[in-house]
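So, here's a batch of structures to check.
In the two complexes below, chain A is the common chain; its partner is chain B in one and chain C in the other.
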Partner chain A sequence: MPLWTYVTARWQALLMDSYLHASAVVQATVLAALIGVGLGVAVYRSPLGSAVATALTSAILTIPSFALLGLLIPVLGLGVPPTMVALVLYALLPIVRNTVVGLNGVDRSVVDAARGIGMSRLRVLTGVELRLAWPAILAGMRVSTQLLMGIAAIAAYVKGPGLGNLIFSGLSRVGSVNAVELALVGTVGVIVIALLLDGAYVLVGRLTTSRGIRD
Partner chain B sequence: MTDQAVDIQLENVTKRYSNTKQPAVRDFSMDIRAGEIVVFVGPSGCGKTTTMKMINRLIEPSSGTITIGGQDALSLDPDELRRRIGYAIQQAGLFPHLTVGQNIGMVPGLLGWPKPRIHARVEEMLDLVGMDPAEFRDRFPRQLSGGQQQRVGVARALAADPPVLLMDEPFGAVDPITRGNLQDELLSLQSELHKTIVFVTHDFDEAVKLGDRIAVLGPQSSILQFDTPEAILAAPADDTVAGFVGAGASLKQLTLLRVRDIELDEAETATIDEQPSVVRDRLVARNRKYALVLDSRRRPKRWVHLRDLNDGPLDTVGRPVNDLVTKQSTVQDALEAILTEGGSVPVVGTRGEYVGAVGIDTVMDTVRKLREEHENG
Partner chain C sequence: MADRADRIRLFAQPVVVLAVVAGVLVWATTRQLDDIEQRNINFPTLLELTWQHLLLAIAVTAVVVLVGVPLGIVLTRRWARFAAPVVLTLANIGQAAPAIGVLVLFFLVTASTGFWVAALPIALYSLLPVLRNTIVGIRQVDPTLCEAGRGIGMSASAVLRRIELPLAVPLILAGLRTSLVLAVGTATLAFFVAGGGLGVLIDTGDKLARYSVLVVGAVLAMALALLVDWLGGLAEEFLGPKGLR
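Up next is the complex of A and B:
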């Protein structure tokens, strides 16, 4: 069975590609979360600001990933930099939107009580509002991560890291030996990592969400 | 401000929201004495909440001065000011992600109390509002009933022992029976704590029951009448107040009489782990039919009839006590409780412990006396 032989022979390289793929996606999601939550916090009180932030970040999402990556080459060159920038940009929308929705969903009476008993504005934000919006923010990060799994594969086009390299080299040699198998291994790898990361999200959610607001 | 009760003065306070032409509160002046409960009562939208929130500066006045315990409230840091003023609102506004203990310990934490002192204080506050610390301190708000949430809300407001307490329709969202109990508890607390309390409601009966003085408010928080409940019931200042007071004003006099004003009966009591046969012998010896079973903290739990006392341990026989009154409850409340409980209703102290009972005969005597006084006077 040639596919199986290929996988066992290249086991190490495959693991390395998988690791790089997952690592790029996770790092991009975390960076996007820092930026996206900051943006969400800045705009959530103003309906206009929220609308603008959501519109801008969703505009990014409509740019085809090939085009965005290609446009970044002249600015950032090849490899990791354009890959990370593109991934962070694509991850922003779900996180910004969920941060805004989550913060606006916090019961006004809870915020009123928090201010009324003497918590400072910053403390209400970090100790109450963000804590209560956290499940929504995390759900946004989860969607972003899933979204990035596929986009990260395309990043091989700018010589980015990850399983995309396997898929691309397979597809570019269609007709020759093992070409389809190569692409298939890359694709299956992406799916497996996506499932593993999704499982990790469930775990992180349980560990970081208060029992008082978990369902 | 010290922990002694303090007085509050509002002078010519006006609030104009930026997007409205008419001020929400116009030229409001009032002296609130140390240790009294002043109730703001008036129709929805008349400016009660706005007026109250200017006292702790959740809303900044457009003009006027507010003095609390001799200090100009507008010159203090708002967050510091609020930590010295208890605040309890409708729906309690508890932090859903924090436990009951963490909710109550929040203000002491903000004030930098050491951990052991906060821990002890949380225990004390839960006790004060009649909730068992062991059972409730680690629960989350969603694991409590509406009435229990309100109790925790009051405990949180009182945790740092503030001299002033602001309460904005705190019992508005609970069922009538629970509301009556919470009102009773607030009055028993107040008889121990002597806070200066500003209480907002749109329910005139609640105002009569709780207020040392009632401010009946009209549009833009104009003061239509500011006096004791008795005076307002007896002589409403104008037709608007009269309309608000309602047609049954003379009947409401009944609600002015408290359980503490009438003589309590002694129920025959038993503790929950007593042998039924011992209790039976005691009932027979004293020629009584019912015993009131108390738990280990002397809280009334069940009524048992003589004939139930063969059927098993005391915590399984008879019927549970469903309604209680305190010495601060009105005789009206006691009468209603007796009508649902049958015969007699237990009276409890601030920590839910048994202190006596009110029987139907006592209430009927009181009603008779009141009627005679009314006819003669």
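Up next is the complex of A and C:
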């Protein structure tokens, strides 16, 4: 069957898999951002804490995703739980690192000024420091999202949702009709979603960056 | 901060990795093992799979260095500079492709199995960091240094060999470290196309519900990746030009 006929015949199912893939990645990125920014805020004032957090999260990033997913099977079983845990863990490093770098990049005199006009420590953090660090944090989230696209495809091995399932069914049908089409559609689908999400980040960046530091 | 994190990893990483591997191996070999476990958890098998895994990573690295560095150098020459953005865009899109998809597609399209069927797509997938860092590394060399080199009578190739490349080495090494980690990680997927490696143990353990086999495979794969990354860190620390250290 020509590729085009294949795609049009299964349009709905493909759209569903694409949606599930994107949804898993976006949810994991958001969750990782909540945890990662919290972690970054907790450690950014201590050089040692920052170093330990960076070292730990970058060590996690080094672990092969297939090995981590495998290790999670005995603990969490199959399906969504191991997929989400793995995705969130891998998304942490870029976000934590960029949060720490972004917060440390905030001009001290700006913080002093904010304190001087009577803002509390918390107000300074949420109203000044995090806002100024936001572009850096968002850049970290963007890197994490790109990273997760590929890992989510591997997560189909532990029965996770998304386009990886197409690739694996292509693999299991090796030699028969549609094997190449399945793998091709799955792979290209991931690339397309990755590019779309990357574009979405540019838009989100425009809309959420404070006016004073927008370029 | 980054320097300090690097130093922590340089010291802590090998210690933690060796301790965990030793612990898991002792745990796995001192238990009462059934038939299937005995066939998978024994030192000859573990050694062979680890070696396959390492061999894949070495082959991938060789291809990446032999292709990525020369290609990066060519793309910084004046006559080919216009092609650099095109190649980098293509490589970036390629990087967005899922590793498992690239691996499976290559296998399905070539309709063959074995070492190179796994190694070539992994190499393609791991190429970008070295390519990009070679280009960036050479571009960031101060042009006045190159002019000074030409001024004292060096040929263009001598400038490349004795000024541009040595100054780009730190970045190229950083790219190589990223590529290596990618390669070791992706090599766990090689078993899907009958390429061997430690992924075999993970899959066997999962399929036959012998979690001890799975855990040993996963821990060895993790340990290998962390050790390779550590060696890459050492190389970055000690192989750069002396003047820049």
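Everything that follows uses one rule, which is that the second predicted complex is superposed on the first by the 214 of 215 C-alpha atoms of A that agree within 3 Å, B and C clash if a C-alpha of one lies under 4 Å from a C-alpha of the other, contacts with A are read in each partner's own complex, and residues count from 1 in each chain.
In the analysis below, a contact is a pair of C-beta atoms (placed from the backbone, for glycine too) under 8 Å apart; a residue touches a chain by one contact, two chains touch by 3 or more.
Given the structure is predicted, the values throughout are model-derived calculations rather than measurements.
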>> With the two structures overlaid on chain A, would chain B and chain C clash, or do they fit side by side?
In response: fit
>> Looking at A:Q146, would you say it contacts chain B, chain C, both, or neither? Reply first, second, both or neither.
In response: second
>> According to the stated criteria, A:G70 is in contact with first (chain B), second (chain C), both, or neither; which is it?
In response: second
>> Touch test for A:G212: chain B only (first), chain C only (second), both, or neither?
In response: first
> With the two structures laid over each other on chain A, which partner does A:L132 touch: chain B (first), chain C (second), both, or neither?
Replying inline: first
>> Once chain A of both complexes is superposed, is A:G186 in touch with chain B (first), chain C (second), both, or neither?
In response: second
> Which partner does A:D112 contact after superposing on A: first (chain B), second (chain C), both, neither?
Replying inline: first
> At the Cα centre of chain A, what angle separates the centres of chain B and chain C, to the nearest 10 degrees?
Replying inline: 110
> Which partner, chain B or chain C, is in contact with more residues of chain A?
Replying inline: C
> Which value in Å is the smallest Cα separation between chain B and chain C when the structures are fitted on chain A?
Replying inline: 21
> Touching chain B and also chain C: which chain A residues?
Replying inline: none
> Okay, in this complex, where on chain C does chain A touch?
Replying inline: 1-2, 4-9, 12-13, 93, 95-102, 104-105, 107-109, 111, 181, 184-189, 192, 198-199, 202, 205-206, 211, 214-215, 217-219, 221-222, 225-226, 229
> Which residues, counting only chain B, touch chain A once they are in their complex?
Replying inline: 56, 58, 79-84, 86-87, 89-99, 106-107, 110, 140-142, 153, 156-157, 166
>> So in the complex, the part of chain A that touches chain C is made up of which residues?
In response: 47-48, 50-52, 54-55, 58-59, 62-68, 70-71, 73-74, 100-101, 104, 146, 149-150, 152-154, 163-164, 167-168, 170-171, 174-175, 179-180, 183-184, 186-187, 190-191, 194-195
> If you look only at chain A, which of its residues touch chain B in the complex?
Replying inline: 107, 109-110, 112-120, 128, 131-132, 210-213
